[in-house]
């Protein structure tokens, strides 16, 4: 292009000088700053837990029984607590996820249009439950279950399920509502009943989001301490029977150990904390992978 | 339905030979039988969405093995009427149909009539292609599976036959297990048509099936419609009047009736007749105004 | 409600205007030609010749306008019927004006002087009738009147009778041979003019369709 001899263009397409660019830059800086500030406590927590706990983590730690507080950190481990957490959380999941999913299906598929009273009640209750403090849940289960049937992993599972339920309901319902109506119509038009439409078209389409939502709820429940305090009575031995007799779990054990004056106990508390974070991390990553895989298939 | 009017025949004085007929165009592409089997009979039906009367006092008959087009401006109720023919309006809360709709002489909205049974015999293709996020095979097999067909061999046969009818077989026969979401718009719509045909319905309703497609894809689907006409009865809602003239045997023109005093509007059926007559010599001035594009 | 397709309507109006122009020219020139023939005054031949050129130019122009509208506007219903009818009556109008010019060309003092009174009367009558028929055909076009073809067919029968009578009179040999030959042609011309008028009315009844014409 002959630059020197080309005539001046008749329109000026350059950015009109104004505050705009500067405003843009200032806002960008502020946003980055905000992000960094948020990152600080997160990174701080992670770094602290990892540095304090990494030394103590080992296969032995994860399986050995819980020693008395006085013993140093390299003796014993959190075996019972790991088992307890896995058992109680699994039990809570088995109770909460199917119920929550069914509730979400009812809300989204049968409760449309705001006319269905039962659906409105369920939805309202689910929203209320999201706001209930976890310790109150624990007290509730304590009052109606533990007082009558004693401490047990089952009680803890009930409490955790109560916490998980509204989360599963709401996130599943979100995922179901994202399924386009066109798919439902296509299925109805082929002569499917509402149940069949839901099971064969809506659920398979939403399943990725539903699973990842459920995993998030599980991760949340695995880390809850307060509801367990009243229901499982933190002991230090493995209780094979999750249905009766007191047991222990990682969050409860962290609480017990961290408040102990002994270094060993505290060291074990850090180890338990790291274990718990790793469990939550694995669940979250799993949720991400499942979402990604299912969205790719859907494309 | 009245028979085709006699073309004006006047002796041409120049040659003293009898008539080249003074009718404007060649005889219709298919002789329309005025006494053919009625697949649908609607008698003075009105359709409401809660308190809103979407369609008022509509009467028509749909004839077997013909393609009938519903045309009209936006809001005239043509899609509402179409959806009432396979009870898809039931899915909308507050929708109800008053009046008599008969499918092969049986009341469509009678007591004890199952909408599910209705929809297995009267299928529907929608404006925007809506393939399920499953494989191509599973999309087509969906309907037959609902009807209890589990045998793999039989399903394979049905899938191939339906895709052949849908003019899609050659393009997808080597990737039946691939996701249907990877198909182009035109292919996806042909998939949806094949999916509808897989359950071997009696009637296929189409709600603006080509409006989201390019002209080539549209032609492919129109060819398909001509192909399958002999085995099915088709009712198509379309905004495209050239499409109505290309494919349909009969055309029903709906329009909006405004009540100035109560400031309400409702849809009405203005004129219904052989497509050639509607587009060459409409009887009603509103039809004339609409098809010539003077008034929307 | 505002009407759309204003530009298309303007195209149609332009075509209509030209068609009416052709009808008008034809009606006027037919009267002139009959007059010229009967009085033997052939001054008007030059004028008719010019008008014939005009019509010859209008014909392809109108055809092109109509073809373009059909191509670009996808007409249906009355629009389509209008455009098709214009295409069909164009040749009738063009041929008819040709015939009128042919009649005028035969105007000649010698010829008019040699006519028997009976043949003169018949020619006068045929001239009047053909003018009337074309006036009726023009009206039927203007009003989109489907019923005109019926009455025009009847009047054409009258024209055929006049034609027969004139031929009989010519065959009687009372006039000189050249005169007889010329007048035979003229008789034929008037008879053909009647036929064309009926044809046009026939096309108009297709154009009129089944709706009542506008008031």
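A, B and C are the chain letters, set down in written order, and residue numbers restart from 1 in every chain.
As a working rule, a residue touches a chain if its C-beta (ideal position, glycine included) is under 8 Å from a C-beta of that chain, and two chains touch if they have at least 3 such contacts.
Worth saying up front: this structure is predicted, and the values here are computed from it rather than measured.
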Separation of subunit C from subunit A in steps, with touching chains one step apart: 2
Chain whose Cα centroid lies nearest the overall Cα centroid: B
Per Cα centroids, the chain farthest from subunit A: C
Rounded Å distance, subunit A centre to subunit C centre (Cα mean): 92
Where subunit B and subunit C are represented by their mean Cα positions, the distance between them in whole Å: 48
Touching two or more other chains - residues of subunit B: none
Complex contacts: residues of subunit C adjacent to subunit B: 1, 3-5, 8-9, 74-81, 84, 149, 153, 156, 192, 194-195, 198-199, 202-203, 205-206, 209-211
Touching residues on subunit B, where the partner in the complex is subunit A: 86, 88, 91, 93, 116-117, 119-120, 123-124, 126, 128, 130-134, 142-143, 146-147, 179, 181-182, 192, 195-196, 199
Of all residues in subunit A, those that touch subunit B in their complex: 112-113, 115, 180, 182-183, 185-193, 196, 200-201, 204-205, 297-299
Subunit B to subunit C touching residues, read off their complex: 8, 10, 12-14, 22-24, 241-242, 245, 279-285, 287-288, 291-296
